[in-house]
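A, B, C and D label the chains in the order they appear, each numbered from 1.
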Amino acid sequence: MLLRSLVQVGLLLAFPPLLLGVVNRVKATIAGRRGPPLFQTYYDLAKLLRKGAVYSRTTTWVFRAGPAVGLAAVFTAGLLLPSAGGRAAVSFAGDFVLFAYLLALGRFFTALAALDTGSSFEGMGAAREVSFASVAEPALFLCFVVLARATGTLSLSGMLGPGLGAAWRDAAPALLLSAISFFVVTLAENARIPVDDPNTHLELTMIHEVMVLDHSGPDLALILYGASLKLFLFGALLVRLLEGGFWLPAGPVAALTFVLGLLGFAALVGLVESAMARLRLTRVPQMLVGASVLSVFALVLLLR
Amino acid sequence: MIASLAIGAVGLAALSGLPGLLLRRRPALGQALSAAALCAAAALGGAAAASVLAGGGAVSVRWPWHEPYGSLALRLDSLGAFFLVPVLGVPALGSVYGLSYWPQAKHGYRAVRLQLFLGLAAAAMGLVVLADNALLFLVGWEGMAVCAFILVRSEDDRPEPLRAAWIYLASAHVGTFALFAFFSLLGSARGSFDFSAWRGMPAAGGGLLFALALVGFGIKAGLFPFHFWLPGAHAAAPSHVSAVMSGVVLKTGIYGLLRATGFFEAPPASWGAALLVAGAASGVLGVGFALTQHDLKRLLAYHSVENIGIIAMGVGIALVGRARSDATLVVLGFAGGVLHVVNHALFKSLLFFGAGSVAHATGTRDLERLGGLARAMPRTALLFLAGAAAISGLPPLNGFVSEWLVALGSLGGMGLARGDRAAFVVLGAPVLAFIGGLAAACFAKVHGAVFLGHPRSPAAQGAHESPAAMIGPMALLALACAAIGVFPALLVPALARAAAEWSGLPAGEALAAGAAAAASARGVTLVALTLLAVVVALAALRRPRARATAPVDTWGCGYAAPTARMEYTGSSFAQILVEGFRRVLLSRVELEAPHGLFPRSAHFATEVPELVLDRAILPAVRGGEVAAGRVRGLFSGHIHFYAFLVFVALVALLAWRFLWW
Amino acid sequence: MASWTDMTFVLVVVIDLVLLASSRLGASIRVVALQGALLSLLALLLASPSHELGHVILVAGGALAIKAIFIPWLMFRAMREAAIRREVEPLIGYVPSLLLGGAGVALAFAFSRGLPLPTPEMHSFLVPTALATVWTGLLLVVSRKKAVSQVLGFLVLENGVFVFGLLLTGVMPVMVEAGVLLDLLAAVFVMGIVMFHINREFSSLDTDVLASLKD
Amino acid sequence: MVPFILLLILGLALAAFSWPDNRSRPFILLLGAAAHSAGMVALWLRPGPPLFGGYLFLDAAGRVVLSTTSALFFATSVYAQGYLRRRSDKDNRVFVAGLLGLLVALTVVGLAQHLGVLWVAIELTTLATAPLIYFNRNARSLEAAWKYLLVSSLGIALALLGTFFVALSGAGPEGPRSLLLSSLVEAGPSLSKPWVRAAFVFLLVGYGTKMGLAPLHSWKPDAYGEAPGILGALLAGAVTNVAFLALVRVFQVTRAAGEESFARDALVALGLLSMALAAVFMAGQRDFKRMLAYSSVEHMGILAVGLGLGGAAVSGAFYHVVNNGLAKGVLFLTAGNIHRVYGSKRVEDVRGAARRLPVSGPLFLAGFLAVTGTPPFSPFWSEFVILNGAFGSGRFVVGSLFLLFLAVVFVGMGATVLKVVQGDDEGAPERMGFGDSWLTAGPPLALLLAVLALGLWLPGPLEKLFKSAAALVAGS
């Protein structure tokens, strides 16, 4: 029990930056470039943590609190997620609500930190972030509701736990629909193409990246790490959801398939980023509403 | 003993304004004594409520009364106890806040009047919560409305509060008439007007009754579409009054709904569904309206509509649960709703106090003219942030806990039989998430526009921090928000007991559901503490490394001389969402886009008239006045016409009697 | 004897109709005075042996004095002092008022059929005459413009009530008739005072000037 | 003792008429009021026997009305001390004498157990008040007086005819051949039904005119609007109440004769019509004294509905007699003060009264709240009882209309009252006369406190009184 928790927390702490490396490597390969090393994110983090920070005259403590609270919230949310097999470190009925709201907490503080700079660009990014998030949130919730209804449990560990196998047998279409919907939400929440472009250099088109323009040094490291952690969380959820169809007993095998699944997820994200263009900003809410509708449809299938 | 504590609290609250009135020569002393009396009343009431909630059971007293159908019957049960605390507590804190915010030395007789009626309002609300007789309830109910009317028009030298107060009073009174009908129908069915005699009413055929209760209590609660009076009234009052209005006066409407539905045996699921839908509409539209506001207090007022919506959703879920005898739905929905009542009282008062401090420091409530106050008012900024996070339902604060309970309750619908249409209550959870997301967006806007960035006007530049009498109550409220947010499990058993009392479910089932919820709530505690620990750890970790270089200007993406005018304002911030709501809210957008290579001027403004008040109620009232004028025009002042009316009356009555009747 | 009584009743009703058609104020006052005299006559005619003689004489004399002499005199005086033009100035034309009056008489007879008299020996014309006269009085008040004409209408109305009161002379002693006369006297007296003030204030007794109070 | 007090007051009226000094004359009024109140208290302590062969007797219904009248009259006569001193330019000889005469007439109505006496006394109230409306001696008050007199006289003539019908209904060989209430009620079913029916219609129109039920109310706004506040208070709070009492008497006879159900329907119909019409005329009313007149129309409607509904609603109606009387006193007296100080009763001119008159202004507002049935003021209770009578007897349409009209009245009246009371008085007409004084602001304050006290604690004897008054017309 304790060991499993330690493994989970260790995985949570160590693994995420690798995902970003995989995504970038996949994109580079498809574009015909060699791309950065797989562990580039770790190097970046180490470098940033060593650096000093530059602060604007306009900012207050809110600006400094933003990255710390953002990371803490994502990390705490990670404790609720059963990553490599078995149950999560903390699990109770309704913990998925807390999961979603912890992410919202992180977002709230990131947005405030952005507003604290007084820059119009960062304000714009914050506005977009919170606006799109308010549409993404119900979509995410709907996915959880479908899962909860399909498995009959209200905790993440239960939803992604043993009951999932039976759920896939009973209600595969509904789960598949919600998995698709969930993937869309994942792209939006993690600021990936087609919603946002993490590599763009035009501030006017950015969402997440523009919010953190003014952060530097250790602050930026926290943000970067938090972003990778968040990608990890969503990836883990999706992987657990899909592999639930052929349930494996907890153990090394399950852990291995989980890690492989995550790498596959990162590759899929990279593929999507290579294959698609960014959507117009006004299209983003439509896409998210579309995802919600898919989930509602799935729910209707289950409630019928 | 407990009963006399509660009665003493109400009595003391009623009399609390007297020192201010009598010691007009020494205003500071008088006001302080008044505030102290109100605080003492709150403490007494809190003690009584705590004793009831701790499992002491309901207490009641009864005296004879000769008023028709009336009896001086008072009863404090768990439901009442949950309401009694904020009902007395928020006015008490408000009066402390008022010591600096509205000192008698500066505002003269207006402050005396405000203090007097603040105490009376608290007492009237206490009476509402304690009354065990319909007529006595109505006395408290209307007393509260009149006191609130006087409180709202405290600044009676400006036309805006007068108008808002009148709209409030008129709608409150009309709502009370619906309650007249409601109580009268119940009373004649049972032959008594004591609440105790009304328990176990059959719900069959009670649809009309429920509709009356929904209108009567819904108007007071500000449930959409009966919210129309609310934004004006809350915005026009002094901030501590706004806190009382929004924090507790609205809640009496919820209390009434809970009391009223408690009378019925197994209410049909459609009641719960109606409340759920009304609550969802309130929640979404309330926050939608809030997003469009530029006035800090109006914005907060619309958030009251939103939060009342969340509470109504909780109550609706509980009602659906009663229709299906499902203890989980009942306990979670009820607990979420009632806890949100308390929570909203806490964080909304906090926010209104904060808004008052801002207005006090800058003289404006216009979001577009504020900004950058966090430097001058760091404490207020921090406390306001706590309130903002709490109202957005973010952990580890109390708003999250109650929304979480309501969401869990709505998911309890999963437990219903397959094919039961009531199972669609599960859709409440995503709606809540939507509301929560929008609220977070809105409060990011508010906090950003008020406290962060550059000051956008000279007024905002000259701001100063508020004195201790204003910060103190805010800090207390913020602490309470955090305490409930971190340790919710402490309250859950009492909520479950209250739910059992209210619903008439077997206590065992309800307590079991409550125990399950409490177990989950302990999980919340664990996570919340972890979160705090991680934040502290990260901060500690970062501190030694933060070798900050000399401060610089914000990086303007290459633009060298950024000014405050270039900032993203509140309106711009909300623009995406407002655009999304445009069809629903019928907002007016004024846009003069820049044209050509060298644009001359450009201009963007949004204005959202109050949907129901400005587009339905007021036109209807005006139309009614015109129609009445037409009828009046038929009556000339000629004596012949007067005589003619007598003649007609005689002939008509004779014809009625002898030809037709 | 009975035919005399019938004749008198018919005359009272005819006077009602004449009033509705009359265009001259002075003539109207005289006709009302005549009606008063007829009522006094009726009081005598309807007296049965069971009635006290003194009582009958008191009623008849009172009616004659007040209705036929005192009030007409008062009104002539008011007319003279106010220099009122002689026309009646109706709001409703003479023909329509006459038609309405006729309808009223018909209705009164129809209506009184549904009201059986408690003692059969009472005169069958009495109730319809009373009702027709009340109707006429109301019509006059409603349709005439001048304050004096309205008082006249009120007088006719009271005449109707008086006729009815004659039914009760046997049942209730003095009080009934006394009531009628008191009412008439007092009302007309006070009205006269008010008319005096109106005339002084407005230099007119046309009620059109009295229509400033309205919503 | 009763005849003695009546004679005393009558004597005081004569004394007032012949008293030479304009300044000290109002004090006679106070003497009369005090004598009346003392008599009333004595009657409460020791109810007297029937007088003059049962023609005069104070039963429960009369006691309700007369007690209210006495209290209201006392308050207004205190008020009159201050008011008439301010208006010392006007000759108050007729005014004081007329008010005392009115008091006698009102008292006789309250005591009358005989329909003839009742009618005479009601007629006297008209005659006594008509000259008082003309107190201001201007064209408008004259017009009001004329209208009042003519319409009231029409009504009273019809009531007389109705009274004759009643007499005739009992004139048969075995009829009571009397207009004594007790004999009529006793004879009950043996009365001739068609005559009772017709009598009820005529009496309803007749006394309804006096009471001011729509559509017989037309004189009210004019008279109330032009008369001094004192008279408005007495007309709205006492004269209309005794007219209601007259209707109650008529109803007693009608009910005994078995003609109750039409009477009830007619009362409810006229009552609701009154409330509706009042609501229409109060919406957007520009003259606050006329507005009070319509409020009076509304409340007479409420009384009629209460009487018509029967059952428990009747005791509510009697309770409402008291409440309406006292609350109307508050409103008219404070309205008089406001009118005095602004020299106008138009909403366009009058604003910020709470600032100019720190007692009367808020009192006017409080009186509005009281009269519209806001708890804890006592009209709330009586209106609720009447409403409950409607819902309790399954008459949902009546109950709903009742509530609807109350709501419209509240909104319409409130808008006008607030315009008068609130705001800044800058730009309003120059201050005329004096502000609040103990004599002019005290009586309405006392009346309001009475209304409040009744709403908070109704004494047991009063509750019993309302019940026994109701038992007269609704069975026990």
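What we mean here is this: contacts are C-beta pairs under 8 Å (C-beta built on N, C-alpha and C of every residue); 3 or more make two chains touch, one makes a residue touch a chain.
This structure is a prediction, so every number in the text was calculated from the model and none was measured.
Enquirer: Using the touch rule from the top, point out the two chains with the most contacting C-beta pairs.
Expert: The largest set of C-beta contacts joins the chains A-B.
Enquirer: From the mean C-alpha coordinate of chain C to that of chain D, what's the distance rounded to whole Å?
Expert: Chain centroid spacing, chain C to chain D, equals 31 Å.
Enquirer: At what distance in angstrom does the C-alpha mean of chain D lie from that of chain B?
Expert: 43
Enquirer: I'd like the Å distance between the centres of chain A and chain C, where a centre is the mean of that chain's Cα atoms.
Expert: Centres of chain A and chain C (C-alpha means) sit 100 Å apart.
Enquirer: Using mean CA coordinates as chain centres, what's the gap between chain A and chain D in Å?
Expert: That pair's centroid distance is 77 Å.
Enquirer: Which parts of chain D, given as residue numbers and ranges, touch two or more other chains?
Expert: 146-147, 150, 154, 158, 198, 222, 281
Enquirer: Which residues of chain C are in contact with two or more other chains?
Expert: 114, 138, 141, 150, 207, 210-213, 215
Enquirer: Send over the residues of chain A in touch with two or more other chains.
Expert: none
Enquirer: On the basis of the stated criterion, which chains touch which? Give every pair.
Expert: Result for touching pairs of chains: A-B, B-C, B-D, C-D.
Enquirer: Across the complex, what residues on chain D touch chain B?
Expert: 146-147, 150-151, 154-155, 158, 197-198, 200-202, 204-205, 208-209, 215-216, 218-219, 222, 262, 265-266, 280-281, 283-284, 312, 315-316, 319, 354, 369, 372, 374-376, 380-382, 384-385, 387-388, 390-392, 399-400, 403, 406-408, 410-412, 414-415, 418, 422-424, 455, 457-460, 462-463
Enquirer: Touching chain D in the complex: which residues of chain B?
Expert: Per the touch definition, chain B meets chain D at residues 65-70, 135, 138-139, 141-143, 145-146, 153, 156-157, 159, 162, 166, 169-170, 173-174, 177-178, 180-181, 184-185, 187-188, 621, 624-625, 628-629, 631-632, 635, 637, 639, 641-643, 645-646, 648-650, 653-654, 656-658, 661.
Enquirer: In the complex formed with chain B, which residues of chain C make contact?
Expert: Residue positions touching the partner: 91, 111, 114, 138-139, 141-145, 150, 207-208, 210-215.
Enquirer: So in the complex, the part of chain B that touches chain C is made up of which residues?
Expert: Residues 632, 635-640, 643-644, 646-647, 650, 654, 658 of chain B touch chain C in their complex.
Enquirer: Within the complex, which stretch of chain A touches chain B?
Expert: Residues of chain A touching chain B: 49-50, 52-62, 64-65, 68-69, 71-73, 75-76, 79-80, 90-95, 97-98, 100-102, 104-105, 107-108, 111-112, 115-124, 126-128, 130-131, 133-142, 144-145, 148-149, 152, 154, 203, 213-214, 217-219, 222, 285, 292, 296, 299, 303-304.
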